[in-house]
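Next up: the structures, one after another.
One chain, chain A, links the two complexes that follow: it is found with chain B in the first and with chain C in the second.
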Partner chain A sequence: MKTDTFPETSNKRKKRFTRNDWMGYLFSAPLIIGVLAFAIYPMIAALIMSFHQTSGLSVGGKWVGFSNYNYVVQDALFWQALTNTFFIGIWSVLLGIILSFVLASLINNLNWSTGKNFFKAVFFLPNVVSGVATTLLFSFLFFPSKEGLLNFVIGIFGIDPVGWFTNPQISRYSIVLMSLWGALGYNTIIFLAGLQSVPRDLYEAAEVDGAGTYRKWFYITIPYLRPIFVFMLIMGTIGAMKRFTDVWLIGGTAGNPGGSLMTVVLYIYRNAFLASQMGMATAASYLLFIIIFILTAFLMLLNRRKDSLD
Partner chain B sequence: MNTVDAKITHRRKKISLNQWILTIVLFLGSFVMIVPFLWMLVTSFDWAARLHINFPPRLWPEEPSVRTFEAAFTSIKMFRYITNSIMVSAGVIIISALSALLSGYALSKLRFKGANIVLLLALSTMMIPFEMTMIPQYLLFSKLGLVDNYLAFYLPALNYAFGTFLAKAFFDQLPTTLREAAILDGAKEVSVFSRVYLPLCTPIIATMIILLFLGVWNDMLWPLLILKKATKYTIQIGLAMFTYNNGIDKQPSIIMAATTVSLIPVVVVYMFLQRYIIESIALSGIKQ
Partner chain C sequence: MKKLLLLVLSCVLVLSLAACSGGSDSDVTGGVEIKKVSDMKGTVRVALAGWQLDNGLNAQTGNPTIGLNEYLDQTFYKMYPNIKLELYQIPWENVKAKQSAMLLSGDADVMYTGGAFASQWYQEGLLRDLDDLIKEDTSFDPSIYLAGIMNNSYSTKSPDGTKQFGIPVALGRRMTIYDKKLFEDWGVEPLTAKATPAELLEKGKKMTGKNPKTGEDNYGLYWSGNSLNGSTFVALTLAFGAKGAEGSLKDVKSIKWQLNTPEMVKVMEWLKEASKLPPAGFVNAQGGENFGLEKNNIAIALDSTGGATMNEYQSKKNKDLLDRFEPVLNMGPNGEGWVAVDPFIMAKKAKDVKASWEVLKFLTSPMTQKYMYDNFAQTPTLKNADFVSADDKYVKKALEIAEVGHSELMDEANPFYMSDIVPAVNGFISKAATGSAPDIQKFLDDLQQRAEKWSANLK
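On to the complex of A and B.
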């Protein structure tokens, strides 16, 4: 039954806008205002700014065409930031997906439901901890001298203290480790929800054909969960491209040690709010957006193409 | 018969051995997840660790004391930051949840002209990363003179497209006949929404409150841009600025005490609503 056939509104049907339509816009007004003012407007403003030479905090300025983009593309620091972001991102996304999938499979195979809930809760706990708290905690656990907990543990095996966050060769791996601790539980929970959705009869059919646990895992579970894998890749990639809080707290706006923790968002932040180069910073943010967009589209395509193959 | 029985018991034994191995592996894994928290707690109560990390690591504080927490509350203005964070979180939660519920209701039940365009607009902007729009947003608020003003949190809270999406999906499951009956009885649209549908929405409201609370309480980037005065700092930016200015790995026990305090609200919420939070995350993950 359509809403505009009500007795009180039916005689107004000839009007272009019914009472019902007005009510709809009234109810949606907060959302519409929010989307227009804090999503659409800033996107357009950023695009305009990226083509202008801005001074200080003003939005306008002299039209300079693509020269902001040119500057960013030719800036060695931008490429360093992009490389670091990708490096940390690829390691943390891939390791995160593999580990959490294994973890979810282990938890799912547990017959003991109290245990299941307990492990779910424990592995997810770091996920509610803020980036600031995680980084502060790990700056002590990863303390560069022998006093640090991780150095103490590897010291038991006779390994010399490692400068986890002070050695530019290692700091990016340390960030990966730290983000694994924080993010593992999130992926695990989503994989678990997925694992429970795999139809039981698929397994039963495979058992009839004599498939063992591992074969079932490889030939049924993994293919069935492919959309979830793609979802994780997309969400993980988007998240990894936006890395800021931890690297800013550890290495400041220089991305120390030795620029190894300079990321793209840190580069944007630094140019916008330290150097007041808003035009250049918005150009960099558009480049970041384009990169995220291409990566996301590529990953989605990957899923679709494989779908049509089977 | 005998061989079948033997086979079954054999199989059972094998399964329970597997279960034992699984449980042990998972316990070792959870130990690794928990150790950082234990270290944080032990250090936060250890007055001896106020200048240096204890070596070797301890299972119990060397000088157990709550003076570290007193120091955290005096040298870092924790009380003020927590109050500020509560004000920001409460405002954002109320505004975002209301905006999402109202628009979700309109999109699901009113089916007004252009509803699909509104929905499409909201969903497509969900993809835009905040980092893309933060510079113009910052400039907008600084032009409006709203730097250091919590309106810079409350106004953007209107845009909670993901919540709209959740709420619309939820309203879609509720029968439309409720509204029709109420309207025939002469009820106003607002009271149909607030008296008839809102009481049925507790599950989705709870989900939104949890997701919003975790998001706002833990956010740092926007507060870093918009809050300049220390008296306005939220807990995350307060902690971050203190360590940023004093060195991130100095004063272990005082920093850890402050960090522990900053975690109490989320961990308490998590302990009580743990299953609910996990369900919400799984739901939001799958829906997204």
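On to the complex of A and C.
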């Protein structure tokens, strides 16, 4: 009977929330409130704002439906920014992963323990330097005349000064070089941790079968580290899509030279903080969110499909 | 021996402390006796962008500086003993977001900020009009301020020019400065007092190449190719009579864009030609680091401040550089250009309006402007800034330019100008510098179309 079962269910529910549970919720409340107030609320507010015509920071203004989204997707500048972001991102992520993996493998195979620690420290050092400091450093390193260090060095070989950050044909590659320097150490350390987790008996079995160093590397190390490669790819892609600080410091609002360093986040920044067009800026932000979401889901799906095949 | 060492160390410590506390007994009033003005009671919250509150040293000159706290102790608190000030010092970095938050949450009554921010906040309804307070207060004389700034700037006046929401307290210094030594080396006639774009281009071209006397590489012209507010572009539009747009910032949706007119073509043609003259790094604001100093290799710098030269003069008292770098007016028809104006403003939600007005009035007064000039070389906004040093020809020239200054639609208060036009022009300049400038008419037609589409999207 209903009257009989109801109190029983009620008792069961009561039992679920013990005093300990409440204490747990109480202690985690500051974090939950923090996440709600500073992550979830701004995300929802930004979504609402993207459907409004605003001229300031506060939510409000005229409801314009998808007008802001429509404007952004029809804006050639947005697509130019997206192309630049992808171009810089793909090169940085791919080269970054390959180089750091090679470096990690070389360090891992060193038999000299002091040397191992030395190289780990050397390659990780740039990672502790802030993005702003890195950019300033490279601005001087890549100074476009012969006073710049790099141009001075290539000048010794009779090569004319290169406009590393001033020539639109070259600037995006210069940014890739700069990001490689900054991110190599972190990636290398992660790969090193992964390399040390590969079971030794796999290598020993391969050696028994007559496998050499390269075969072991291709057929044991790389497949075993696939989750780390996927992790690097996902984190690298998200980071690359959010590129702002360095291009803003080097090229200003124009993404100079010639708009070649204009990225999606710079586009968002211009609309949000120079034009106070928060509606357009948040619409562009949500488009970027969708792009990152699709890319990440695609990369995770690739990994899952490979898992199922295994 | 230990006692002797301890004594020496103690002396060093005492002397160091004395040196570091420089200025604590300095007179900030210029000998004027400060008397009580009012018994008015109240608390005013003041948000200051980039002001120095404590005594310290000027990073550029090494001279001691008096912080705002001491200045207020010697002046304001004697004049208004019952008004309590709560000061919030906010670094310039990301100041707009921080001060916006303060205005939205009602956490500040009076603010010192950037003019463009003030203009945008006014349009968002976050600021209070000051006209009624000015009208009621006979002790406040608006005519002491430079008319071009007080009455014609988007940083202090409403977009339709009818309401006063800000009182100017600091100016940006932007003028044309040339190196007399390089002109002499090349045998080129000095710039005229109001050099036109054509004159600047012609003389700049003559002085680009190997210096005939020193054999060093010289550059005829310099300006920042990624300027945030496109101030060189503004001066050029004024010089060539290119309006860029017609209408009012009160109604940005109805602005009629004129970005592809023949006058604007002339502006871009000038920029295209001029882009070949500066050092390559100018597209990213590099290459002009030595302008105003001994090692300079640039003949003419646009939108320059004279700051480097003045700092050298103030720290080393060497007049050679001061004589060498000569300022002239800007490129506009009357010598005008874009003038940055930093005002004091009052929040719409100000808790104590009367006390806030007294504070705002004091912080924009000639006495405070003198204090800011003496300690931080801030350019005043007064018609009669008699405290400016006789040697400081750069501030004097900046005041001349400001006197004829006026806001235009090609101004940082215009959202499309800031978000799209300035970056587009900077992008054009950097392409022109590498010899791949886009077709000017097509470039301007595209910009015009973008502007029209932007306006249409707001309707």
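By our rule, the second predicted complex is superposed on the first by the 292 of 310 C-alpha atoms of A that agree within 3 Å, B and C clash if a C-alpha of one lies under 4 Å from a C-alpha of the other, contacts with A are read in each partner's own complex, and residues count from 1 in each chain.
Everything below uses one rule, namely that a contact is a pair of C-beta atoms (placed from the backbone, for glycine too) under 8 Å apart; a residue touches a chain by one contact, two chains touch by 3 or more.
Source: prediction; values computed, not measured.
Asker: Quick check on the chain A-based superposition: chain B and chain C, clash or fit?
Answerer: In the superposition, chain B runs into chain C.
Asker: Would you check which partner chain A:Val73 touches, where first means chain B only, second means chain C only, and both and neither mean what they say?
Answerer: It touches nothing on chain B or chain C.
Asker: Just chain B (first), just chain C (second), both, or neither: which does A:Phe143 touch?
Answerer: Both: A:Phe143 reaches chain B and chain C.
Asker: Output check: A:Asp21 vs chain B and chain C. Expected answer is one of first, second, both, neither. What do you get?
Answerer: A:Asp21: touches chain B, not chain C.
Asker: Which chain makes contact with more of the residues of chain A, chain B or else chain C?
Answerer: Touching more of chain A: B.
Asker: Go through the superposed model and pick first if A:Ile33 touches only chain B, second if only chain C, both, or neither.
Answerer: The first partner, chain B, only.
Asker: Contacts for A:Ala254 in the overlay, against chain B (first) and chain C (second): which applies, first, second, both or neither?
Answerer: second
Asker: Using the touch definition from the top, say if A:Ala275 reaches chain B (first), chain C (second), both or neither.
Answerer: Touch status of A:Ala275: second partner only.
Asker: Give one of first, second, both or neither to describe whether A:Ala205 is in contact with chain B, with chain C, with both, or with none.
Answerer: So A:Ala205 meets neither chain B nor chain C here.
Asker: Applying the document's definition of touch, where does A:Ala297 land relative to chain B and chain C: first, second, both, or neither?
Answerer: A:Ala297: touches no partner chain.
Asker: Both chain B and chain C contact which residues of chain A?
Answerer: 57-58, 139, 143, 250, 252, 273
Asker: Under the stated contact criterion, what part of chain C meets chain A in this complex?
Answerer: 96-97, 100-101, 104, 120-121, 123-124, 126, 225-228, 279-281, 283-287, 415-416, 418-420, 422-427, 430-431, 433-434, 436, 450, 453-454, 457-458
Asker: List the residues on chain B that touch chain A in their complex, please.
Answerer: 15, 18-19, 22-23, 25-26, 29-30, 33-37, 39-40, 43, 52-57, 95, 98-100, 102-103, 105-107, 109-115, 118, 121-122, 125, 127-140, 142-143, 155-161, 164, 176, 179-180, 183-184, 189, 193, 214, 217-218, 220-221, 225, 236, 239-240, 243-244, 248-249, 252, 255-256, 259, 262-263, 266-267, 269-270, 274-275, 277-278, 281-282, 285-286, 288
Asker: For chain A, which residues count as touching chain B in their complex?
Answerer: 1-3, 6, 8, 17, 20-28, 30-35, 37-43, 45-46, 49, 57-59, 103, 106-107, 109-112, 115, 117-133, 135-141, 143, 146-149, 152, 181, 184-186, 189-190, 192-194, 231, 235, 238, 241-242, 244-245, 249-250, 252, 265, 268, 272-273, 278, 281-282, 285-286, 288-289, 292, 296
Asker: Mind listing the chain A positions that touch chain C in their complex?
Answerer: Contact set of chain A toward chain C: 53, 55-58, 67-68, 71, 74-75, 77, 139, 143-145, 161, 163, 165-169, 250-259, 262, 270-271, 273-277, 280.
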